[in-house]
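Chain IDs A, B, C, D and E follow the sequence of writing; residue 1 opens each chain.
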Amino acid sequence: MSILEIKNLSIEFGGLKAVDDFNLSLEEGEIIAIIGPNGAGKTTIFNMLTGIYAPTKGSIELNGESLLGLKPYQFAQKGIARTFQNIRLFAASTVIDNVKMAYTHQCKESFFECIFRTPKMVEEERKIDERAMDLLKAFDLESKADILAKNLPYGAQRRLEIVRALMLEPKILLLDEPVAGMITTELDDMAKMVRELRDKLGLTVILIEHHMNFVMPIADRIKVLNFGETIAEGSADEVQNNPDVIAAYLGGGYKNVITNA
Amino acid sequence: MSSRMLDVKDLAVSYGMITAVKGVSFNLDEGEIVALIGANGAGKSTILRTISGLERAKSGSIQFLGKELTKMPAHKIVEAGIAHVPEGRRVFPRLTVKENLMLGANIVKERSIIQQRLERTYLTFPRLKERQAQLAGTLSGGEQQMLALGRALMTGGKLMLLDEPSMGLAPIIVEDIFRIIKEINEAGTSILLIEQNAFLALQTASRAYVLETGLISIEGKSSDLLKDDRVRESYLGA
Amino acid sequence: MKPLIRKLLPILGVVALYYLIMYLKSIKVMNPYHIQVLMFAGVNIMMTISLNIVNGFTGQFCIGHAGFMSLGAYGASIVTTMIFGGFSVAPNLRIPVFLLGLLAGGLVAGAVGLLIGIPTLKLKGDYLAIVTLAFGEIVRATLRLIEPIGAARGMIGIPPYTNFAWVLFFVVLTLIVARNFIYSKHGRACIAIRDNEIAADAMGINTTKYKIISFVFAAFIAGVAGGLYAHIMSFIQPDTFSFVKSSDLLVYLYAGGTGSLTGSVLGGLLLTVLPEALRTFGNLVNWRIVIYAVTLVIIMLYRPLGLCGGKELPLLKINRKHLYEKSIFSKKSVHPSETPN
Amino acid sequence: MKKINVILSVLVLFTLLISVASVTAAETGKTLKIGVVSPISGSAALAGKYIVNGVKLLENELNAAGGVMNNGVLYPIEFVYEDNEAKEDITTNVYQKLIYQDEVIGIVGPDMSKCILAAGTIAQSAGCPAIGTFTTNVAVTQIGDYLFRACFIDPFQGQVAATFAWGEGYKTAAVLYNNADAYSKGLYEAFVQSYEALGGKIVETQAYSGADVKDYNVQLTKIAAAKPECVFMPNLLNEVPLQIQQARANGITVPLIGGDSWDTPEVAQVAGAENIKGSVYISAFSPDNPDPIAQKFVNDFKTAYNGDVPNSNAVLAYEAGAMLVEAIKNAKTVDRAGVRDALAQIQGLALPSGIVTVGEDRNPIKGAAILQYNDQGVATFLKNVNP
Amino acid sequence: MSTLMQFLVYGLQLGSVYALLALGYTMVYGIVGMINFAHGDFLMIGALGTFFLAQAFSSFAVNGTYSGLIVALILFTAMVGTGLIGVGVEAIAYKPLRNRPKMSALITAVGVSMFLENFPRALPFIGPSPRSFPMLFPTKRFQIQGVMISTTQIIMIVLSLVFMFILYNVVNRTKIGSQMRACSMDKDAAQLMGININRVISITFFIGAALAAASGIFYASIYPQVDVYMGGWLGTKSFIAAVIGGIGDIRGAMLGGFIMGITEILATSVNSNLGYAIGFVILILILLFKPAGIMGKLTIDKV
């Protein structure tokens, strides 16, 4: 049984079809990439999958449960976590607080326990702290735990965004251009990290990316969008050689770039 | 014989407590395309922003065609002949394409020149002509990048600073944009290019500087850098 | 033993401060005038902290905070004066009645905060601001029309129960509670909303709920502060709590520095004392407010983030490491980053 | 060098000692301080200006005399002026400061009932006499036996206005009042009560909220439609001129009746002679009062302040100060309690507005003057009304 | 019916004052992104300044009335003078804070407002006294079908509309207008177009303050009394008007101003106790349904 089932997902903005009949069936542990030209509707799909936009039609089912009509925070609580194209960290908070913030709905302390700082609350707080610390350690950020997120280097910020999403204990992770603005070495690190997420945590990953050097080796399946419609779907090889994809997205010089790089 | 157009010496820039650029020197000759490559946070954008006057240098000098730019206000620098296409396009979203382009010609007084430049821009970007009455905010990323380039062309600058023109764009569009960048260069505009995609940058530029944490670590001809082991390992992924 | 000392030291400090001031009063270095200015400063500090929770820590923008203060002032005074009869309360019942009044003031303000928070907290930034301004003015206009509580003439005969000790007690309590709030999941959620609402939402934080919690919590504190104020003044009237009062509070907050409890204490204290201190130059009485205005502008020009923008005294912080120290209550545990791998 | 310093210091000390000794020789008591509280800044700053000027006149007189003589001892008087910004909480601060820091023997002001209602308990519990200048609210002197006032009270004034209106034969009246202001509201209520008791009919009542935009056209249109024979407008002095103008513009031609707040030359200046002529107001004082004391005061005031004519604020502040000075003069012991007792016993004190006696409830027994604006827009004395 | 029409006239006259003042708020907000709390005080400076100017020109007045030319001159001088004060305030108090959190500038504006009110109050030759505003415009009254209307009202309503029309066209059709709009969207990018943003912001403050002066003069012409505190509440009300219309939008400011003026008058006519709070109630109601005001477009934070 698939973990996420998206059927005929469509959305219109002022009569304009931004996404039209998008279908996706995700197996647990899959890494899927959505590629396509700018304005093809990729981020819009992410926004529908996280409840920011309500689709005009179609269905989203997570483990057989429909998520339509829920608020964004409820999508997150159900287990769909995401990162953002333009990094959206809690910039003025420390690294560890960023991670702990994502655990809010799982914290059990009540309001009065909090403002009077009861022993129970302190104990609970310590557990959360340890949990966050474990995650940071796993992603090589533990030495930075107490510095402000905005003072992290760019690559580390991207990493922190993923760590923060993991604190939600998600089933599905959506990565929106995770390697934008990264150089090759950083790009390789990220690819390794995404694979580990799948292998060690069993996470299912959907990613949007223009960097073909990153997408092609990592994705189990690739969906190509243009003007809101799916124009191709398949493995990296299939997609790369699809004439429609080359015409609409990859372009003629693409092979040249990717082989040299 | 090409002559020296831009000469940056020991440039240092800091934001508050953090020094983003720690003493960088490089230069560019008339007609050249020079690339600055490096990881995010290496200080590339800061250098461009300092050249165009959006940031103030802490020390060092920037000579452009014999003029010192470090003390000049940004709008004067545009008049001196520098056109900066900023990172993330930064078109004016609630103005039409044409209004955006006309703002590019803000420093020009003569109508005939404005008209001439507009025609030339439309010739370079036929897409913009089709969309001239559309609000810039409704354009796709690729179109916005074209508009940003077109707007810079309208200023009539002799040196164009390009900050990540390929960022977030589909490969096919990137190809298009870089073809146009070369065209612009061939028509006589010098270009200082920042590009994440080091391979693309080195293919486009004649010379390049590699920046690491606010300092220049490697410099040389593009063809040499393409073969350089350090560059290949960190930036080209070979 | 260390954590115990660390916990008790601030309390001892406050007690020492109290006795120091009482001593200074007894040897006539300080007089009732000084004490009263300090009492107003205390109320203003509470109001500033309350405003800081909404504006500084949750990133919402309330500019009608005097409205909550007035609700608290009236709520508390109705209980102590109209229900329990004010001066005729038996001496041994005065403290319970006073505390009941303050609680009532806080609850009234909190309840109204909830009532208006639910529909309006959806609004963003300056639009929310202007709605809170409108709210403050509507409260004032309404209070002016209610005859039983004196309407525009105001309420007289409120017993002056508030003394310096009470003010100090409530300021310290507010500081502790506010600090605990900020360094808990609630505070983290609020700060997340402030830093990036979209990301907070995407991280499973019910932004509406936490905004309302912070708003109601702040309104409650403002209500208690209003109650204290009424029982210093022993006379209140609706026009005291106008937009002028709200903007004074904003000035205390932003001159002190948002997102910093230290800043709220400093802003509330200094800017309450400054206009009074300027009275020392008797011949400048005509220029007093002009000097105050210029000082304010200069502070903002030279410290745009306020006196302590983003900075906090260690006393008002809960350091993460404290979680791992041997607590006086709970069992020992070790800081994870110090664990040898 | 050191030696010279030492010698100099000794010399200075010596001269100081001599001068101190010579002062004590002339039977001079310690300097007494009187606090003056008024809104120097804020929305009521105009009143503050008149109050300070009124008291300064008294200060000059006392300076000329060297102080107040009590039982053969001359006590120099020093005035401490404080700004209460027309705010209650600031007033309480000012009271505390004057009482405990400056250790004044008594306080003059403030002028607003709301302010003294907040600060009065401080004076009462400290046992420091305080005289409100324009604090017409009944509750003010009920705070305690240390609180006095220099003005008449709201009910009296409302009653005077109602009696006057009825006496002029006006059978119907309309009221425009400020529902955000205690003074205005108090006067409105007293007027309506007295007027209806006399048999008059209130045909229209319109309110507005002060500190607001100064458009009263709607209210005045409605009042005009009700066709009253007179309109009572007991409002604040920065509101009244525009109300008068707008009333006339809305076709209200009947006499307008005001309270003592009208008593400022600015009212007629701003409203315009054309509009204000024929209107009547109740005042504590008329500058036309032929009484020599009144005339001397008016002339002194004019000379001191570029020809400004004193208004009630100035007169009442002057008189509050004068009452305090009189009390110091007669006090059995020159301290706060003594001054309080002497204040309560003031009888037949001749002041610019008339002969003042402090009544049992610490309200002065004094008459009101009724003034009417003539064609030139100058308020002229119509008659005196005594309680 | 005629009473209703009469109230509408009053609403329009009050509304035009609000609208002119709201324009300044909206322009400064749109371009600099700050709420200039001292804006209402520019109204006071304009009105008080006009009072002193009229005094200086009093020798030109015949029987207390001024010729059209002199009035135009006084108006022009007061507007330019206030505009320059606006530019000065921006340069001294707001410019250093331009890249700082906008609350810093707002608090500075509170300080500036206190200063602008209390400095002239403390000056001996100005002081707190209210002053009678001179008759600058002819005051003939007409009766049209039972509705009383004066020439002053007509002149001020018409002139306000003219000012708004000119401003709207300046912003939308001229070069400086497009520079302003560019600055309002992206100051960095605007600089890269060779736009001198300091100049644009100065001009914005100049226009805003000059319009505030105009509204002050009109206000004082129909409510002829000026004092140093007159700007405070008018400023706040106009700010609310600007928000009702959608702050940042010029047409919105005009619309908001007139809505505010007219509803205030109409509510007062229903019950005189309502007039004060009605503006606030309307504001809340409108924002609950249109969270960015009537003309305002909610800028959606793009994810």
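By definition in this document, contacts are C-beta pairs under 8 Å (C-beta built on N, C-alpha and C of every residue); 3 or more make two chains touch, one makes a residue touch a chain.
What you are looking at is a predicted structure, and each value in this text was computed from that prediction instead of being measured.
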Graph separation of chain B and chain D (steps between touching chains): 2
Chain of greatest Cα-centre distance to chain E: A
Which of B-E and D-E has more C-beta contact pairs: D-E
Gap in Å, rounded to a whole number, between the CA centres of chain D and chain C: 37
Geometric centre distance via CA averages, chain B-chain A, whole Å: 31
CA centroid of chain B to CA centroid of chain C, Å: 51
Distance from chain C to chain A - Cα centre to Cα centre, in angstrom: 41
Residues of chain A whose C-beta touches two or more other chains: 52, 84-85
Residues within chain C bordering two or more other chains: 141, 145, 198, 286, 289
In chain B, residues with contacts to at least two other chains: none
Residues of chain B that touch chain E when the two form their complex: 52-54, 73-75, 78-79, 83-84, 86, 90-95, 99, 102-104, 106-107, 151-152, 155
Chain D residues touching chain E - in the complex, by the definition given at the top: 41-43, 45-46, 48-49, 179-180, 206-209, 211-215, 217-219, 221-222, 225, 238, 241-242, 245-246, 249-251, 266, 269-272
Touching residues (chain side chain C, partner chain D) in the complex: 31-34, 36-37, 40, 141, 144-145, 151-154, 156, 160, 229, 232-240, 242, 276, 279, 282, 285-286, 288-289
Chain C partner contacts - residues on chain A that touch it in the complex: 50, 52, 71-74, 76-77, 81-82, 84, 88-93, 96-97, 100-105, 107, 109, 111, 114-117, 119, 121-123, 125-126, 128-130, 133-134, 137, 142-143, 145-146, 164-165, 167-168
List of chain B residues in touch with chain A within their complex: 18, 37-41, 140-142, 164, 167-176, 196-200, 233-238
